[in-house]
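Heads up, the thing below is written out as structure tokens.
Letters are used for the chains, namely A, B, C and D, taken in the order the chains are written, and counting of residues starts over at 1 for each.
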Amino acid sequence: MLSVTWLLIAVPLASFLVLMLAGRRADAWGHWLGVAASSVVALIGIGAFFQMLGRDAESRSESVRLFTWISGGDLQVDAGLLVDQLSLTFVLLVTIVGALIHVYSVAYMENDPRRRMFFAYLNLFIAAMLLLVLADSYLLLFVGWEGVGLASYLLIGFWNHKPENATAANKAFVVNRTGDFGLIVAMAIMFTQFGSVSFADVLGGADGASTAVLTAIGLTLLLAATGKSAQFPLQSWLGDAMAGPTPVSALIHAATMVTAGVYLVVRSGAIYEATDDARLVVAIVGAITLILGAIIGSAKDDIKKVLAASTMSQIGYMMLAAGLGPIGYIFAIFHLVTNGFFKAGMFLGAGSVMHAMKDQVDMRRFGALRTAMVTTWITFGLGWLAILGVPPLSGFWSKDKIIELAFVGEGWQPWVFGLTALIGAGITAFYMSRLFFMTFHGKARWTDEQHPHESPLLMTVPMMVLAVGSAFLGLFLAAGNRFQNWLEPVTGTSGELEPVLAVPVLITLTLALVAAGVALAYWMYWRNDVPTEAPPPSLAVLAARNDMFQDSVNRAVFQIPGTHLTRTLVYADAALVDGAVNKQATGIAAFGEASRRFQSGKVRSYALLMLLGFLVLASIIVVGG
Amino acid sequence: MSPVNFVYLAAVLFAIGAATVLLRRNAIMAFMGVELMLNAANLTLVAFSRMVGGIEGQIMAFFVMVVAAAEVVVGLAIIIAVSRARQSISLDEPSELKG
Amino acid sequence: MVSPLLFWFVAFVTVIPALSLLFARKPVHVAAAVVLVMVGLAVAYVALEAPFLGAVQIIVYTGAVMMLFLFVLMLVGVDKTESLKETITGQRWVALTLAVGLGALVISVVSRLPLSVNEQPVVGEPAEVASWLFGDYVLVVEVLGFVLISAALGALVLTHVPRLYPKRTQAEVHAARIAAGANPVNQAFPGVYARHNALDAPALDPEGNPIESSVSRVLKVRGQTIDGSEFKGDTQARRRELGAKEDDQ
Amino acid sequence: MDILTILIAVPAVAGVVLLTVRPLRAYARQFALGVAAIELILAVGMLMAFDRSAAGTIQFSQIDSWIPQIGASWAVGVNGIGLSLIMLAVVLTPLTMLAGWNEDESESRRAQYYGLMLLTLAFTVGIFAARDVFLFYVLFEAMLVPLYFLIGSFGGEQRRYAAVKFLIYALLGGLIMLVAVIALYFAGPGGEQAFLTANLTGLTYDAPWIENLLFLGFFIAFAIKAPIVPVHTWLPSVVETARAGTTVLLVAVLDKVGIFGMLTLVVTLFPGASTRAAPVIIVFAVFTAIYGALVAIGQDNMYRLVGFASVSHSGVMVLGIFAFTRTAIEGATFYMLSSGLSAGALFLLIGFLVKRHGTASVRVYGGLQRVVPVFAGTFLIVGLTALALPGTSPFASEIMVLIGSYEATRWGAIVATLSVILAALYVLLMYQKVFTGPTPQAMEPTTELSLMERVVIWPLIAAMLVLGFVPALAVDYFKDPSAAIVVSVEEAGL
């Protein structure tokens, strides 16, 4: 199976092309083609996984060289795939979650006339995402990296007849591009330093390079990661990206694409290993984002935006973990996988709710949906418990381990990171419970013409599968350190780590904080009535509702100066640069006008000038000669 | 007395001719100035011919005379044509050369 | 060598009339003065061992060119005098300075040259000149022939005034007159038959009244006509006689 | 006669015939397209015959005496770079002819337009093939004549202004270059082949300032053509008013003459001065890349927007050339090709839009994606190539330039990379304003991309994708020439 890994990319890409080129003829069966393509890649992925399991741990990594891609000057880049434990983990996550969401979308998008295009874009996304994780060089990774950005752009703007959706799509693409800038610069540095941009050469040569160079590479890669993974300070696009159809939010903006930044950092582990500064920055970025996302999530009333903020926050956890070294990588990826399941499950649940509530997203208009939508309630509830970290559900095994790891280290770092992660867990419990209670419990706040009903099987079955995953995947993978053993050959290991506080104490503390968060939410949003109009906010809530003013900051720092700059430049180009040219022309014309006075048309003046000229020349010759 | 004095004389005549061209507005007068300049040149040619001892200078002067005769014919014809068209032969008037 | 007396004579005869080009007001005077210059130059040529050229100078310049100038002067208005007032600012002084400068430059250049004078020059006798012209320079002479012919043709073309309208026939002239309201009948001629058959007397109509239009307008303006009516009485007297006779019959 | 001479002569003769022979006017389009097709076939034949393993040497070389008194020769020949640019010209010309097929105009004007296009093609091929500096100069200037009429006679209201501006700019550059060409003659070996580039390469100069001045003379002319800020202002005026076909030829092909000249004349003839000037030129190039992109963002007129975008791209190309690394130079050369295809396709698409609604102002448009999805999709794909999406040839070339020049100029490369972000802004903002949002009433009757239009655009897209996935198809032609340039610069630097 490993030798046909290229099919993983080729199949969905071919499906995308067929769906695009077939046009309206494919409207009848296009979505099933999309589902088939994603299912086939899921099967190939699973096949490859079992084939790899059959090998020794050492020989599980395999490179597949496809063809020479760019061969320009000293830059030689092959299109090649790197299949190892890390990339295969992602392949499984992407293909399985992807296939489930494809199935879900068949029902969710049933009434959309452009359903075929939707599936085409989803397939494009799958292809690009798999290219991203399977690439064996940074440059090829970049192709997938921008490819998922493109798919994300297309899907966020899927309903682009609404101007705000089109703007959101643009915003996502441009912010991502800002991150990509970092990746390009990183590749430039790598090429200058190592003469290559393939993982093998760069990561293999990292030992011999100077720390300054590696720090520069680390920081620029981090910039790329923050863009793609919606980390501080490039987090602003994710909330707006919820304008896309909900399955997209589930697949791209929760489970897979946004985690690519974590993948990039983990994949470049060898570089971060060698540079403490860059690693520290990664951890700081993660810590900031996890708190930021949690706070924002607590104040939003839009169910999808709460989940988006939650995604940001959870990826913050992963980043924080990735900033902690090899053992952190493993749990970053572990959390990434579990988060992929329960977050996708919850997004699909949210989609199911919206489906039932005629696309209402305001949680203040929900309430008491438990009875109307039992399956959704159960599956969502499992996801909720999982993200809270309630044992023995998935989140407990991944997130709590990250909190533990955050307490590892010396000096101020364990205390700052650890407490941040700990407090983040409490806030997470609060806002996720708030979401859950506001939606499914309390009093019904919907209007009469809405008739909540359970979604069709095509939608609920994927939700059930994901819920099962949310519940038991963590336990399954954590048992006997399965996941750790699986990934260690790729990420390396950093031996036994001892947190500054004892592990049982940490677990107790975490659970206590989670319980407190749940209790607070219960008291505020289940026991008490929730007003259907948001109450006038306090300053803190206002800030959180406005995404901590990130858009205002962006507007003040980039957009408004940028707009002024471009306007000024446009004006200056016309008035100054072009103006200078025209001024010159005017000057020449004025000179001509002045010299016209000599051209009086009077023969005698001309004769006079001729004689003068002759005399001057002759004198020069006579005197000079 | 050396024939070179005739060259000086020719220089004086040439200067007078040039000044005439520059100063007189009447086209015929200016034209006469041109003729005077031509003659001054001829005088130079002949004087130098005498000094060198050959005859080529005289031949040259002869040619100048012939060409000058032709030139006078055409020039005066032009003056007549202009005077018919404009009722004037002042050099200051035809300002179509004005740029 | 040239006699100094001859040189100074030539100098005066040329320079002083030449100055009239600058200062004389009437073009005719100038033309006459330039004739004198040309003659002076002819003398100079002879003095410089170029007798043929001197003759040609007289023939061509005084005889042909300057006469042509005079003709043209007459054509364009011989009585015009030109104001010497300068119209272009600064032209006069700059021009004079430049002209003096030009002369000075040439003189200074020539005076600095080391010039020797050949003691045995070839004398420009007609035969000598002819042998050169029709020997070495025959091609040039032929070309000059073309030049002269072209110049002659050019002068013809330039002075030729094309007919602006086609020539009118007699019939057309007549028709135009009638159209303009002229009397198609012959006008009466002046003079009273057998009494005063001269141009100064108007003709008489059958009534015996004078026809004023028959007398030349010019004579009338000059007051050189006589009153036709004086013949009227005479005529009537005669008619009475005749009429009476007829009445008698 | 050699193939290159034929390639120059066929469109030149055909153009003159079309302009002069009256009965042909009724069939001007068919005739011109036929000639362009013959040209394309001939060029493809030449491409087949080209020995790729010796891409660095001049092939199909022909040197005949032309004006031996001043040492000018009719010397033509191509290496890999010249060949690929000739291919670009002969591919784009028939496509632009097809794109303007249904233009509503009188027969005589049509004949004039197509005749001028053929002449332009002839001069362009000649320039890319010229191996003689004097011949190059003559063609460089002669090209202005058909272009002047193409801009000045066909297009929008301001076309006369634009044409005169273009002419003055180009002539100014050309005359400065003429001075340098003459001076070069005296610096060179003289004789009957004094202007052959081969004879002028590797000269030693009495003093560095002589070489510097010569360098400057050539460089300014090419900088105007490229164009580089601040001598770029003719470009927006021209693209705003000229017909889409003219614009495509001008921006996609003829602007490349500037970059081509820098690469094959400036750097090759004056490697010493080029090295000395490189730091300054890189500053200008990087500034151009950013400035063009920023101004593009603020444009309302789509033609101007793409015009400024291509100004920005020229900045990147010049950066690549003057970084003097093999990767960057190959990237810059490849970028000429890619950006020519990309900008050409974009201009054609905007032309199609303008034909439907009569204006290039984005303010008028909106919500077209719902009405004409194929058009929108095609536009988006072409737009994505313009913002260098990975997998397209502009990306492969741009990344080569950026990565390759980092070694030579760290900050230059980093700042130039910012233009990548800005490219996303101007392309996507344009797409957003034109194709997304609610559909205004006036946009409802917009017609979908016609078959003819698809035939024009889709091959360009296909070419960009193929070259994006297998850049070697083109880059192999640039390897040896680029290596030679780097070697010559390194030798001069020692």
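We adopt the following convention: a residue touches a chain if its C-beta (ideal position, glycine included) is under 8 Å from a C-beta of that chain, and two chains touch if they have at least 3 such contacts.
Remember, predicted model here, so these are calculated numbers, not experimental data.
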- request: Could you tell me which chain's Cα centre is nearest to the average position of every protein Cα atom shown?
  value: D
Query: Could you state the distance in Å from the CA-based centre of chain B to that of chain C?
result: 22
Query: Where the CA atoms of chain A average out and where those of chain C average out, how many Å apart are those spots?
result: 105
- prompt: At what distance in angstrom does the C-alpha mean of chain D lie from that of chain B?
  reply: 60
Message: Taking the mean of the C-alpha atoms as each chain's centre, how many Å separate chain A from chain D?
response: 37
Field: Set of chain D residues in contact with two or more other chains
entry: none
- line: Residues of chain B that touch two or more other chains sit at 18, 22-23, 25, 92
Query: Out of chain A, which residues touch more than one other chain, so two or more?
result: 600, 602, 604, 608, 611
Complete list of chain pairs which touch one another: A-B, A-C, A-D, B-C
Statement: Note: in the complex, chain B contacts chain A through residues 18, 21-23, 25, 91-92, 94-99
Field: Of chain C, residues touching chain A in the complex
entry: 88, 91, 94-95, 98-99, 101-102, 105, 108-109
Field: Contact footprint of chain B on chain A as seen in their complex
entry: 595-596, 599-604, 606-608, 611
- prompt: Which of the residues in chain D end up touching chain A in this complex?
  reply: 165, 168, 229-230, 232-233, 236-237, 291, 294-295, 297-299, 325-331, 334, 367, 369-370, 373-374, 377, 384, 389-391, 396, 399-400, 402-404, 406-407, 413-414, 417-418, 420-421, 424-425, 428-429, 432, 435-439, 469-472, 475-476, 478-479, 482-483
- line: The residues of chain C that touch chain B in their complex are 1-4, 7, 10-11, 14-15, 18-19, 21-22, 27, 30-31, 34, 37-38, 41, 44-45, 48-50, 52-53, 56-57, 60-61, 64-65, 68-69, 72-73, 75-76, 80, 82, 86-88, 91-92, 95-96, 98-100, 102-103, 106-107, 110-111, 115-118, 120-122, 124, 128-129, 132-133, 137, 140, 144, 147-148, 150-152, 154-156, 158-159, 161
